[in-house]
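Across the two complexes that follow, subunit A remains constant while its partner is subunit B and subsequently subunit C.
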Partner chain A sequence: MILAGVSLTAEWVAPHHYAEQFREAINEPPSWRFPLGTDGLGRDRLSRLIYGARVSLLLAPLAAGLATSLAGFIGIASSLSGPWLERLLLVSTDLWMTLPWVFLLLTARALLPLDTEPFASVTITFLLLGLLGWPATARIVAARAQQISQATYLLQARACGERRHQLWFRHVWPNLRPVLLAQFWVLVPAFILAEANLSFLGLGVSEPLPSWGSLLRDLENPGALWTQPWIAAPAVVVVIVIACLHGVLPETGGRQ
Partner chain B sequence: MRKHLRLLALMLACLCRLQAAGVLKCCLRAEPQTLDPLMVSDEAAELIRYLTSGVLIRINRYTQQPEAELAESWAVSSDGRELRFRLRAGLRFSDGSSFGPEDVECTIRRLTDPQLHSPVADGFRVGGQPPVVKILSGREVAIRFAQPLAGFERLFDQLSVVACEDPQGQRAVLGPYFIAERKPGQYIQLSRNPRYWKRDARGRALPYLDGIRLEIQPNRQLEVLKLVRGEIHLIQKLDPDFYPQLENKPGVRVYDAGPGFDAELMWFNQAPQAPIAEHKKNWFRNLAFRRAVSDAISRADLCRIAFGGRATPAAGPVSPANLLWYNRQLRPYPYDPVGAGQRLREAGFQYRGGQLYDATGRPVEFSLITNAGNRSRERAAALIQRDLQKIGMRVQLVTLEFRSLIERITRSLAYEACLLGLTNVDLDPNSQMNLWLSSGANHQWNPKQPKPATAWEAEIDRLMLRQASTLDRALRKAAFDRVQMIVHEQLPFIYLVYRHGLSAYRPVVRNLKPAGLFPELLWNAAELDLEPQSTR
Partner chain C sequence: MTLSCRKLLGWAWLQVARVTGLLILATVLTAGLVWLAPGLDVDARALDPRLNQEVLAQHQLPGESPIAFAVAWLKGLVRGDLGYSSAFNYPIRDLLTQRLPVTAKNVALGLSLGLGLGWVSAAVSAVKRGRVPDLVASLAAGTLLAMPAAVLGLLVVQMRWSTACALAAAVFPRAYRYTRNLLVDALRMPHLTLGRALGLAPLRLWIDYVIRPVLPQLLFIVAVSLNLAFAASVPVEVVCDSPGIGRLAWEAALARDLPLLATLTVLIAVATGAATGLASLSTSQQRGLLV
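Up next, the complex of A and B:
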């Protein structure tokens, strides 16, 4: 929450603008002027981390929400439908997983105009991640929904005369929700990192807009990490965020 | 007596051990596409060709001068169309078979076979005709071309002579090494050719090394780690990012050879058929616009920040590293954002609220594409974006996967501006015909023109054809100097920096003489040696 608040007030909180280049101070160590030092172009690392949170903390959860929703819908539909539709949906899911996504993403990049705004480009990237990231989750949800549909407590509820929507809201959904939430929290960091990798295909964040994924690229050079340990700050923040997100899990699970 | 003999044998073994220089190890950054020396088109294959093949004339990578190799001498006929080579006597291929003029004939015949589609063959088809080979005697051979061939030495530097019995050069080679073992995706092991003809000044047979192991390692980070750990002996074409990292490592030396042959440049798409807005093409065709962009970019900052100080501001297409063809009159444009703004105003552009607008009121904004994954170039693009923002231009940076980028700049032409590096693998301007002729496919800013779009492009065409059709060195130099001057003035390519030739090696390697031309550290591989304690 604190991180989200800081990112939303970046204009006031960040010491400098994320694109400002201090060319006389490249790769500077931390100082009062640059609390996390500067990058290879003389840009303040702390300011870029704060502005980057805006992209990563807003768009990654949205994309994860989209992927989880799609997965939940398809997984539940396959387990609650008849065998013919179930088979069709699961085969479609498997087929979706085997498609050569790199080429499709390259095609998506080719279709995008080159003068697409950086924020629009990164939004489209996360949208693509959300649209592509559901199949594995759908498989897990389908398996869990299948288990629930064969559970004795559901049989008992049905025998007691509960209607279809009552069965769904009282028994199926409360048992599926922890699975969906867990998948959601797993997808958030995965998408943050995926966005960084997609920049190799020309998708993702373009200069000078920062994202946590693009900031993590500084860690490609382990030698630099040894001499400039402060460049690991984005990784530390990502770990803290993921730990916080996972900290939410037992609480949500415990309500069931 | 027996005791003495044993001692003598032991001493001889020790002496042999000292002389057996061991195996030099380094990395290839990609699997070679082919091992056929006549089909080489990629850098990995080119290195293997260089290390294993014999050529009639070799361009010395250090002096940049042609040297006699398999041919002990050569002469050009008075009409400039015929070359007569006198071959060295008593040479043998690595398999023991003898070398003679028949092998030269077989090589040319196979090279120019239309079925082979050899990338090397184009240069030999002068005037569209393959050369005619005539064996004059047991050691003499004449090669006749349809037209005079300027700069023929560089062509023969790329022509590996193959044996008639082994046209693919798999068993019989004339170079210092032969391919002993290959594991695709892992390594290529080259072994010393015991029948190599060269000897050192003291009469010792070359090469000194027992072999060279080329490990296939596309990851540059791992390549650097291997060097630090002592698992390989040298790195050619070191990234500037790794230079400071290796500078203070014990057991590793880095070498900056100064400006290399490769230049970083940007250009605007001026092709009439390009699917971009017409008003943008009008900006890009406007010399004042291009000159303003050039003036607004701080080349000194590019060198210092993007390339870590391992680059030099560029003035034109030929780097000062090219001793023969560099035009010494050219100077890089100085950084002058104020002058750039003034120039734009004079050309009809206007400023409103810090943003630049053209005469029709359209904001000046364009996209600049470059390839993803090259950190120095990505940094350069970000610096250019910021510099141009200072003169009111809005630049959208787009990093593309390399093949997508090539597709855009060569086929679809769906781009506005491009930042890329040009690699010069050849010293002679004839190798750049496809780049400078207006009809050329690599005439990037406006390729494949049916007739020159501008007067200065027509002049470049005339000058390039003139220099290609004469053997007079002074005339050729004057013509190509003028081409460089026109490019400098008209700025179809905005040359930014010349990257420095960087390399790193372990000091156990002896006789290294880093050169600017490929292969920078291995060009004298036959003379390289390892300290005795490092032969394990």
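Up next, the complex of A and C:
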């Protein structure tokens, strides 16, 4: 939460702009002026870490929200539809789930021109994650919606004369909401990690806009970590944030 | 033909249909992505007056639509012709012949190590719940789960370990967590208490009363881990400089060699789809749907 708040107020919290270069201070070690040192272009690492948090911590939940919404819509539609449509939707979901999404992401990302604007590249990256990450959640939502539709309390409510929209808002939606929320919290760290891997490969967020994945590229030089251990700060931050997000999951959501 | 043979045959046809559907879906999807690539039908070399139309015609993708391109690709697949890589200037089939064994070896070793460690750790954690081994294993799994695959690759390079160790580190946490939950539930089953009361040997209790009931789920973990290992192979092979198909996919993405990327995507989809289908065989057997 603290990191999310810091990332939202990056313009006021970060000591410098993420693209500002200090040509006289290239690859500087940590100091009062640059708490995490500077990179090969003289940019403040701490500022880039804060701005990078904005990309990862704000856009990953949006992508997870998109994937959860899609999954909820498809999962509920499959459970409320006739048997043939339900079978078709579930088979399509299974097929989609088996696709190697990393290779699809690489293909889709490679479609973009090399001079794509940073804001466009980051938006498209997370949009792709949201559009590709829904199948597993849809399966879980469909199973839960099926269980709810056969529940005795729903049958009793129907027998009491409740209309369809009343059944939905009073009985179905309150029981589906925890499942969707749990799946949302499963997807957020998964999308942060996916973006980190893509940006590390140079296929995520374009320069000069930083993201945690692109900041990890400084670790590519094997010897650099021993001489400049502060460059591991983005990796440490990613691990801590993902571990905290995993801790948010309820026990049943984690088991799923 | 007996009932069980008919059921097995029906299941086999279902899996063949499933993998075929997956092949068609993956081909049409990636062909569609390739077709929608910006500037696909306008080659930058068309702006170069030094190149003639014959050279430009050689670089056009076949077909007038994504479906036609997908059909042409499938026909080539049947003939054994996977096309030509413009980035590497090499037939795609020969590229795969060179690179696939490297990834296959890394994935096989990584899966064996990751699943083996995961299952053994899960068994120890399930028995010693809340004790030091459980806490240490859970902490290790939680930490590894929170690391991007690229960071795992970097750690392996720093430690001078093999590429398979990075894939094992990617597979281990999920295998451990899922197996631990399965075994904890299995150890609570009342039939296990009955077995102990009957004086059965501990090894037999474990094999017949704990492992055997959860064996289908363990096989399913293998199929899911295969998909995970292939996904992790892309950043890991790039970091570890291993000449496998993961690195090939990355190089193809940077060079916008979309036919090569489409081929790799389809082949990986079929491989993971087949593995999932095989894993579902044991699940179907347990549910009494087959034999």
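To be clear about the criterion, the second predicted complex is superposed on the first by the 178 of 256 C-alpha atoms of A that agree within 3 Å, B and C clash if a C-alpha of one lies under 4 Å from a C-alpha of the other, contacts with A are read in each partner's own complex, and residues count from 1 in each chain.
By our rule, contacts are C-beta pairs under 8 Å (C-beta built on N, C-alpha and C of every residue); 3 or more make two chains touch, one makes a residue touch a chain.
Since the structure is predicted, the reported quantities are computational estimates derived from the model, not experimental observations.
Contacts of A:H246 after superposition on the shared chain: subunit C is touched, whereas subunit B is not.
Once the two complexes are overlaid on the shared chain, A:P189 sits against subunit C while remaining clear of subunit B. When both complexes are overlaid on chain A, the residue A:E207 reaches subunit B alone and has no touch with subunit C.
Of the two partner chains placed by superposition, only subunit B is touched by A:L41; subunit C is not.
Contacts of A:L106 after superposition on the shared chain: both subunit B and subunit C are touched.
Of the two partner chains placed around the shared chain by superposition, neither subunit B nor subunit C is touched by A:Y153. By the document's definition of touching, of the two partners only subunit B reaches A:Q21; subunit C does not. When the two complexes are overlaid on their common chain A, residue A:A224 makes contact with subunit B while staying clear of subunit C. Judged by the touch definition given at the top, the superposed model places A:V238 against subunit C, while subunit B stays out of reach. A simple residue count on subunit A separates subunit B from subunit C, and the partner touching more is C.
Annotation: subunit A residues 106, 109-110, 114, 200-202, 220, 222 touch subunit B in one complex and subunit C in the other. Residues of subunit A that touch subunit C in their complex: 91, 94-96, 98-104, 106-114, 189, 193, 196-197, 200-203, 213, 216, 219-220, 222, 225, 235, 238-243, 246, 254-255.
The touching residues of subunit C, when paired with subunit A in their complex, are 18, 21-22, 25-26, 29-30, 33-34, 36-39, 142-143, 145-151, 154, 157-158, 177, 181, 227, 230-231, 234-235, 238-239, 249-250, 252-254, 256, 258, 261-262, 264-265, 268-269, 272-273, 276. For subunit B in complex with subunit A, the touching residues are 221, 224, 241-242, 245, 301, 305, 365-367, 369, 372-373, 375, 378-379, 381-383, 385-386, 396-401, 404, 414-416. Residue ranges of subunit A in contact with subunit B, taken from their complex: 19, 21, 23, 26, 40-42, 106, 109-110, 114-118, 199-202, 206-208, 220-224, 227.
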